[in-house]
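Take a look at these structures.
In what comes next, chain A is part of two complexes: it sits with chain B in the first one and with chain C in the second one.
This part shows the complex of A and B:
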């Protein structure tokens, strides 16, 4: 009896292993295709066979050196600059807002929280058009070389503003985290004469490393993966593209036949760092989403 | 049903009971909701009334300097030693007056008409070309009017705070209390008023780049800012609710209404299929990974998670190319079948829609795996054991134990992802760009959902901002209602201090 049970379980497990392997292959195959074809050295820019016949770094070299019409290194730099700035600004504002909502008690705190939630329900890019006109009216989009930095043009600044300005609305997840820190700590510190400012910096922040890491990573990854906003803001100024719209540009009718393999290698260059960062923060991600979901 | 009866139900019946109960209680809950809203509105006006009463009371009770500060800011503060604070108030007042005189008034005065001076063309000095002489720019008038209104509201709040401060410092002086110096006042912003310090900058940013554009777009929905009324060449005007009328008016040949109804229908179908296919299939995979005796759990999970780690636009753009007639998928099919396959996945509307849903499964399942893995491990194992003893197979215990339990625990996540799919711009836009296009629809294709149509209406050739804004408002209403239901279902907002 026990033997047959073991056998049955063994059979079931084998079946599951096979199924998982098949599914795993299906899931990873397109990405494997992306990576393998990016190293293809076959003639022609569009792969004619499933696997390339010769391998080499041609596509990468071309992508990084032939920059007259589509300047990928420049886009990469743009995105990196945007990501760094908006990462710093959004992290600070998210932590400030969520700390205030979680630990401080003040008049109309509940109202602010509700307003924040309602604002989050509007389809995000409904406002993007208006933001575009606002930035245009403020003449930010036409600026050149801000602070004397040659690649730091208006649209880059505009994107930094856009990505970091709304960040304060994403307070739920870190508020959920701050809520779990016992209030007794604050009270003890207050009795010892600490101001709320000191409590924030010296007690709460050091205890909140996971949520700080999570916020930093999401804010940093955001600009690398965002598509719509960058498309609206950058318009037709090709030099100010981020990698997302740049890579899409490589697939339009004018470029597809020459650029497809370079698109693949560009995608690899973008995807590798983002993937590594994401895998690092996935455990935080789950905590964040489930906690945020339950907290509403 | 008493509690003891409820406890005797199996998870599935419990879910059914809760589900039925939810709809049974819906009318009374809705009624309560509207009463709550009514009370909130009444409360709002009462507090405004009280505010004005206090405003008047302070004026009557205060001395001459307090009365003077109602006109000239900061006088009362300056007289009683708070020089810097008073000066700051005064500078604020002067700045606002200058702003209104030199900038605000020109726009806000035209707010009700959105401009009357038409642009016309005039023969240029050389007598050969016509050059436009620009009149009013309705778009800028609307944008700046909103800006002026927002700034005025902030100014009004500062004004009220200023009169309070003027009266407070008068009372303190009269009662011989200590009046805070500027340095002490600053110190309070790091302690009692620390929330003000923390919230000001984020609130300003949100106000400028979220609320202001939002008000602007909501107002646009009530104008005729479409492709025939493009500033600066043309003016646009207020038209009331006619944009919403145009969207639902299904008379013959009304292309916009047809498009709207069809796309709304497809949006709902898409959201349902996308949400539930991902949810159920993802849960099955997660169950397999988490099954007892399966090794290399981390490896399996990572295999799937890699797909979401890669930026969505990369995987979707790649997919859109792989699905082409000579793309990788057809090449693969050719290798397998041995003869040339060139299936056009995205060319007919039905096959395009099915393809979109299937590709979305590829994108979406890993999310479900990530989220549900943890919860699945929390289902008590003895439930399964007793089910096995009672003779239930894996399918039966999935249907009777896992699914009801999971649906019960993850309803909020389910609704959130349903909303996410209604707004799922990336998958549709990057994969099919809404295609295949059709002449029956106004600027849209068969796989377009409402939000991608909104995007095309604004960024495409047509620039029908008014329609786009109206669609945005309708989508918001749907999403907000769903979110409210979620919020009421979970109710955990009330327990936010449970841990502290």
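This part shows the complex of A and C:
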């Protein structure tokens, strides 16, 4: 038995740090590999060595300029447009639904919450085929240049509709957050003459920054990572693909040999807007949690 | 609470039912129409070839047709040109042809999910044929053209496009073969000599001597089926249910002997024989100023030929699969061999024009263009003996291998069980001297039939 407390603590810490370091390396290694290999300038599709022998921006340049067969910049733009629209729409709808369920008391409120819960339990892709045929019947899929915007075609609108229309069902987490904000604040505002709408925008929302950030992030990331719905809806309309389908295309038999390294650089580029958004909004997380509402 | 669940479920089922009915029923009926309207065309087989067979009356009353065609990425440029040629040939009949990129591997899935939004004429891989026919989404080839195809195309290519009509139970031609699709031996001539390339033992010995790898994807059913086919096992289409695989009456001892022979060689040349995805083959052949190539030979398909040629340059070698010594006798390795074919959408709004276009794209002129520009093997008897084919070692190897192959058509769920079998044969802990290959074969067959 080691008697010295210092030595014991030192040993325990060493062990813990080694363990954490190993776990950290395991977790970071694939990401690091992806980023490093995306800058590789070696010939051949599949990396033959752990670290590239020569480095360069070749893969990125080719990915963004050789757009004849696989038009990655166009798909990137598509996904960005879809993500921005559905991010705004779903954030607003999620927060409004949560506010209504949290603060208002109306007939069959409990029932609506339950229906929402049950519908949320079914996986989204279960209704995929039905959604496709409904969109087709409404003739949304064949639209061209909606509002006169050249790249804004039917499937993109369809995807925005799909991602944002069901979003309100994901109200549980933000409702839980709103429930923790004291009702005394609402009451105080009501006495001062605020309407329900004003309370939502001026009292509740400024105090709920963490949950707003969370909602914005999840709503924005959704379209970047969704594959299965986008695939069904885009069909053979190559110009309306999103990055997820595009990246998968790069790995099929016809493209793999030429496109594997560009696939790696594409994956890095996909992470960029999500990372920027997260870094920009990160500070609000802390600020929101620590800012108190009711004083003394 | 229960009520709500019931209502929600019922509503969902209703939506799903309507959606699926509307889709498949509609396209099915249109497919039937397409077939019927074409069966009235008279059949005259005295002359062959596109220009002799097609008459202006074949178009019926279709004018200014707008068509959509699916083709793979690398073919798009040439396909656009060929479609323009077709448009110039029939300016009154065709007003617009859209060429859309779609790989043959995915064409079938896309057609099955929504045939109406699909292309009028599309290339697809033949193993999807039975699904497409059973779903009724493709039209049969007009009898007039079918007769010409049967007379002038390679017979096993025609067989791969022929299926029993689910309604009339007659053998019907549903697609026109476009090109062969299979794998063969590729090697670095500076490592493996042409003589070594004739036997599996020779190739492995040459690779080992040079310190290079031999790469094939033994864990993939598409390639690992060769371990069984070489021993005499064959696929014979599907049972009545269109799902269960049928096998021939194979000699179990011979199949087991073949498995053992492969496994023994794999273990004798541990370190040389590598089971890796085929994408590693072109990369393995690539050498840089600072690093030598790692691969000496491999089994790869025609889709990688361009990359391998680029990597090896004048050292590029290709041949049919080698022989393997089983019980003292050299036996030819058998492979899976498929076709890419052109089919006509049963829901096409211009079924007759689509038929003519499909037939045009399979004609001798288009086949020769694909052969010289893309290195696609032809499927016409007449195109086989041209200089373009004879001078191309890869196409020659592919065509040679097609003689020792099992057709990739009407295939059940063999891929995973066969892949597992391949993995077992080359696994490090498999000792080929003591391993019970008979049990492995029985289990594999059982798994194929069970699924």
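Just so we're on the same page, the second predicted complex is superposed on the first by the 264 of 296 C-alpha atoms of A that agree within 3 Å, B and C clash if a C-alpha of one lies under 4 Å from a C-alpha of the other, contacts with A are read in each partner's own complex, and residues count from 1 in each chain.
Following the convention adopted for this analysis, contacts are C-beta pairs under 8 Å (C-beta built on N, C-alpha and C of every residue); 3 or more make two chains touch, one makes a residue touch a chain.
Quick caveat: nothing in here was measured; it's all calculated off a predicted structure.
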Checklist entry - What is the contact status of A:44 with respect to chain B (first) and chain C (second): first, second, both, or neither? => result second
Checklist entry - Which holds for A:253: it touches chain B only (first), chain C only (second), both, or neither? => result second
Next on the checklist: Quick one: is A:154 in contact with chain B, with chain C, with both, or with neither? Answer first, second, both or neither.
Outcome noted: neither
Checklist entry - For A:179, is the partner it touches chain B (first), chain C (second), both, or none of the two (neither)? => result first
Checklist entry - Between chain B (first) and chain C (second), which does A:223 come into contact with in this model arrangement: first, second, both, or neither? => result neither
Next on the checklist: Touch test for A:69: chain B only (first), chain C only (second), both, or neither?
Outcome noted: second
Item to check | Partner chain in contact with A:130 - chain B first, chain C second, else both or neither | outcome: both
Item to check | Which of chain B and chain C A:170 touches, first, second, both or neither | outcome: neither
Next on the checklist: As a test of reading the superposition: which chain, chain B or chain C, is in touch with more residues of chain A?
Outcome noted: B
Next on the checklist: Quick check for you: in the superposed arrangement, does A:96 touch first (chain B), second (chain C), both or neither?
Outcome noted: first
Item to check | Contacts on chain A seen with chain B and repeated with chain C across the two complexes | outcome: 46-47, 49, 118-119, 122, 126-127, 129-130, 133-134, 232, 260
Checklist outcome for this item: Listed in rising order, the residues of chain A that touch chain C in the complex are 42-49, 53, 69-70, 111, 114-115, 118-119, 122, 126-127, 129-130, 132-134, 136, 141, 232, 235-236, 238, 252-258, 260
Item to check | For the chain C and chain A complex, residues of the former touching the latter | outcome: 1, 4-5, 8, 12, 15-16, 18-20, 22-23, 70, 72-74, 76, 100-103, 105-106, 110, 113-114, 117-119, 279-280, 282-284, 286, 288, 290-291, 294, 301, 303-304, 307, 311
Checklist entry - Along chain A, where are the residues that touch chain B in the complex? => result 9, 12-13, 16-17, 19-20, 23-24, 26-28, 30-31, 33-34, 46-47, 49-50, 93, 96-97, 99-100, 104, 106, 109, 112, 117-119, 121-131, 133-134, 137, 161-162, 164-169, 179-183, 195-197, 200, 224-225, 227-228, 231-232, 244, 247-248, 251, 260, 263-264, 267, 270-271, 274-275, 278-279, 282, 285-286, 289-290, 293-296
Item to check | For the chain B and chain A complex, residues of the former touching the latter | outcome: 139-140, 143-144, 187, 190-192, 194-195, 197-199, 201-203, 205-206, 208-214, 216-217, 220, 285, 288-289, 291, 293-294, 300, 302-315, 317-322, 326, 328, 331-332, 335, 362, 365-366, 370-371, 373-375, 394, 410, 412-413, 416, 419, 423, 425-426, 429-430, 451, 454-455, 458-459, 465, 468-469, 472, 475-476, 479-480, 483, 486-487, 490, 492-493, 496-497, 499-500
